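Heads up, the next two complexes both have chain A, just with different partners, chain B and then chain C.
So, the complex of A and B:
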């Protein structure tokens, strides 16, 4: 399969990108690791691709206030390789290293992954557990949305027409914080069947369990970990999950809790 | 495996063709660029079953689009069999009136490049009267099932029966009766290179020149000749480097017929390159079986009788040349496996369904048969409370009985099956695993060991295939050999390498016979213009058949050279022999190169009464018996099962393999390793599901999971060597073996791991979803 004909622009500033996106049929291209195949399969038939990878501010990664700013075009590989500051006691690098395959990580970006909004992707679950914000730029200025609310459904986000995900802001974990991340795939590099992510940060008074790779946005459970509360959340928020989905989501959450040290074996 | 010294038969010579492959210099269909060449994209059916009501092509595009009505005089593909009761399907190149599977070709669109051709396809609107789909091989036989081929009256290509009037009497002697039901998934073959065709009409030669990614160029030519209604001489098929085939590239595709027809209408070359989505969802389908098997045994586990009812989901059409019935016919004849018992009966049905035609894949029916049979053997072992390997030992054909004619008249040529199994048990260390199981695993997983043992018929010939009567029956295999003026040896064969390394192994055969340097041997293959007719590369036959033909041709060349050499050495032919590429007499030596130089360039140096036959021969070969060689192997797997997630990890995998005399042991190890990776895919990952409307649910490799490097363990391969008594060097066909044993060994290992939970797997692939469902069902 080959894509339909489309125009291609590579703006050098966020303002230019936003202006280009105001036209009908325009789509953002970042690392292209999801959009590329969709173009080839003609599932996406845009009139214009706006390549944002040459916008300098989207490539930045720096400490900002009590947290870390990651521009949307920072790649998974840069996070995996420690080329960005670490405010998460190693969580970001661990998760990045488990995304798909190295070839995908070399080009795929944190912003592209969030904006593509595949529920099975890692960042939406990981960053929801860390309490990160999505920073959105648009014609009418900038706004912030918690990553846990950024997905409005499978492959649907809070982004309005003409808006770009600028990046994410991730709060710094205290030194005593612990985390657990357990992803279950049928094979290495495959899309997740289920993801469990647990954060415990006593100094900030946070215990949070996130169930990812659901059929929509991740399920976030704030407060002390408990098997029963996980099961109850799956029942109430799991939508059309069948017995298999319920089981693997429960087990990955449980194992993440054990890794984070909030549940004993 | 290192093999013997030197570069003859038995040496692990590095593959000569790898130099160009590893440097990216191989030449595949996608590398061929002809001046003025245009690309084709096919519009494919979005519905599984329906009548075509109207095809609406925008007027401006009409000249770039071909539909069935345009292809006047082109015949449908017909892959018939001589088996009684077989019903014929007509597979048109482009759907004519009715579509029978999603992905069937509706229209052929040609343009300057593929993207533009796809734009044209997208602009065509097709209106259907949709019919309900037959989506399952069992549903196909229900009384109210929709009919694919209305004139048949049912959806069965063929029902075949292997019966024994005394069966019930024999079975009554048994005290243990076990029935199980098994299903294997529809799979897709996934060679790195897809299919592809470039075709051009040559006005000077009045010949259609076809470049095709095929493992059987002569059969493609015959099939094209039939469908297009032109003589063989007007068709030349060239198969360049072929990037894997596994059976898929032995099929004449409707795409090939359509592209070739188009090339005859237009004044430019045309090309179609299959993409992965076409391959997965519309073309390379294989493997889908259903079994109900009953085993009758005594209280020690001795098998007394076996009966089965088996279905094969053959898809919508009978694929050329292997037909819709190859799998089912195989099932009925190979289900007894390597075992000896008294009673057997089996009925098989080849069901027509609204899915792509089923195609033969490495191992053909053996992978499913081995899974069904070997899980039965373990079920017997559990029932009688014995180790599965002990029950197998009770039932295997012993070495002392070889050669052995089994219950379905298969002639096992040689081997020691019990010893093979014993070595596999030792290699995986069954006693050590039992001790480890008793202690339990620190991580909570459950481990289990599983075995499978099977034999693989290879290089079977006329006497086997004539009974099936498919369009292609292998006869003698030929090799044309020629010494060139420089003393190089050209070998021309009609089979074709799609990764087997024939450029190396056949040179080794020539070296074995003539002592000629393998670098002086050039293999010419993959071109109908230059090679003798052959059914091609399939059925693990090349090393036996082409290897035998090369050996005989080299012997003939040696005899011719010896006569000329004796003249040059001024002695008689009885006094000379061939050694290391020379003709040697007690008083002197003359090289093959010198003999060739004189023959071609200095004939004045030869006496007038020299034998004028020259240094070029075509020799045919067939083994002493053509019922096939039987290589065999035992696979042993150690797995760990995560009972909470249903995930299976292969911790250890050992294979004991006997392929007779191995011409190149290193290449054989590669064949076994690659096949095992595919078998692991069958066992745990690969599945092409269809919904009730006949829609394929996997169309990319993100949905159709292939095992990767992490999922395929470091397989330990151990060898035995029992020569075949019937072949040139004692070699046996072994190309498919690795792909046969893994689902059975892994399935048995999982059942062993979950024995205490009362879980038995019954379907492939063994996914976490299936395994957790079984575990949960067993717990309630």
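So, the complex of A and C:
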């Protein structure tokens, strides 16, 4: 099937993009690797696509203060290939390399994936574990939301009408920090059934366990890892998961903790 | 229409395209470069893979207009490429193709693997090829062919003879009619409580129009007669927008305070159809009332492509909460709030539930 007719604009600046998005029926195109299939199946029928991938500032990646600024339109492949500075002891490159397939990673972007807000996608879980912020630009200026609170539900985000996810800011890990990321899916490149992400950064006093590919936003557990606290969090925040889902999420979290070298006994 | 200028296989090309035209259609229909094949048209199968600015990409989900100014290389542009000649020879030697439909995409992905990952082992080659589906070979020959080209110095090769394929394309088959709901269709159970007496709650359920008002996104297009309802359910979820138009039959059992809604609907936009049965029971729960809802549904069409996992459960609980809040508001004489996302709790729950059962892990 072919998409419905829509218009296409390629703004050169963020201001122009925000202005174009004020109209009803306008949607951001930021790589289109998730939106593309939805367009072809006519599940999405926008009136206007605003292609933000040619806005130079959204393609930037640089150290900024005590962290890394990643523009929304940096591709997964660029992160995988180490074309952005590494502040996470390799975590970003590892996670990027596990997203879908290379042909998708070459066009798919970190901002596009986050804003699409599929709970089973990688960045929302990974960036929640790293303590990243989503940087949002809109008609009334800029604001920041922790990535762990960016999703309001499946396919729904904190973005208001006319707002654009400009990028993410990721705090620099100390050199002693370790991380573990474990994704369970049936087939290479498929969407995850469960994701576990664990960060241990003793110099900054952080131990954090994140359970992704849940029903909505990821479950974030701060503090020392414990089987019981993970199970309790799944029970209280996992929504309507069945016994299998709960077990798979528990196991992925525990494996991530073991990979991170966190004490799990 | 938009004017685009790009480079295709080394030649400058200008074209005028509708914004919705995919790169694949532009290459195949306008430039008659039919080497890139269309399989799934949703970025899964990899048959349409081409190089955009030197990196493999799906041409079925890349818009031609978004490729304005880029450099495209299709399988036809590799005729004189020594590395591709080596891969072609290896594919022949290892029987890495049978029907050949996936082969253009396979070759382009393989070219990328051989160029980018000269040290890849078999596991890595398989992982890197996982985005290209082949239904003939079982992949063994393809993996062997790619591995045989890894780490090799690229030899000088003779130019392969060009050939041309001509054939008549058959007309597309008509769309299959929506399937009937399978017997023993999976069920979704939802319960909620309303802080009102059972009599009052049941009275609302007896009024079809009142129930419809409590389901945001639902609009009736005709006055219900003898339990027969015609209407529409609008759904919005992120980029997904659908409007199911259809009919339903409502049967109530006053003594049991229960009812059955049996209906079907079709979203003409996405060509998705849904049919199913909703059973509800209104029972006393202390001083309040509990409503138990059981839904059995079957969904066909494009919407079925998009769901996995617990997304459905999250939606189901959010939407049930909306419906119950609206019901409560109505019982207290307050205005019923309508939110566009809650596309009619019962319909919507069911729809996602079936997607989940078909494609998810439930």
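The rule is short, and it goes like this: the second predicted complex is superposed on the first by the 263 of 265 C-alpha atoms of A that agree within 3 Å, B and C clash if a C-alpha of one lies under 4 Å from a C-alpha of the other, contacts with A are read in each partner's own complex, and residues count from 1 in each chain.
FYI, a contact is a pair of C-beta atoms (placed from the backbone, for glycine too) under 8 Å apart; a residue touches a chain by one contact, two chains touch by 3 or more.
Since the model is a prediction, treat every value here as computed from it, not as a measurement.
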| item | value |
| --- | --- |
| Partner chain in contact with A:56 - chain B first, chain C second, else both or neither | neither |
| Contacts of A:5 with chain B and chain C, given as first, second, both or neither | both |
| Chain B versus chain C as contact partner of A:82, first or second or both or neither | neither |
| First (chain B), second (chain C), both or neither touched by A:189 | both |
| Touching partner for A:247 - first (chain B), second (chain C), both, neither | first |
| First (chain B), second (chain C), both or neither touched by A:120 | second |
| Contacts of A:106 with chain B and chain C, given as first, second, both or neither | second |
| Partner chain(s) touched by A:37 [first = chain B, second = chain C, both, neither] | both |
| Residue contacts on chain A - larger count, chain B or chain C | C |
| Contact residues common to both interfaces of chain A (with chain B and with chain C) | 1-5, 37, 41-42, 187-189, 191, 193, 244 |
| In the complex, chain B residues that touch chain A | 113-115, 118-119, 122, 275, 277, 644-647, 685, 699-700, 702, 705, 707-708, 710-711, 767-769, 772-773, 776 |
| Chain C residues touching chain A - in the complex, by the definition given at the top | 2, 18-20, 22, 25, 41-44, 46, 49, 52, 55-58, 60-63, 65-66, 68, 109, 112, 126-128, 130-132, 237-242, 269-271, 302-303, 305-306, 308-311, 313-318, 341, 361-362 |
| Touch list for chain A against partner chain B, complex | 1-5, 37, 41-42, 184, 186-191, 193, 243-244, 247-248, 251-252 |
| Residue numbers on chain A that touch chain C, as the complex places them | 1-8, 10, 27, 29, 32-33, 35-46, 49, 51, 53, 77, 100-104, 106-107, 116-117, 119-120, 153-156, 187-189, 191, 193, 213-216, 238-242, 244-245 |
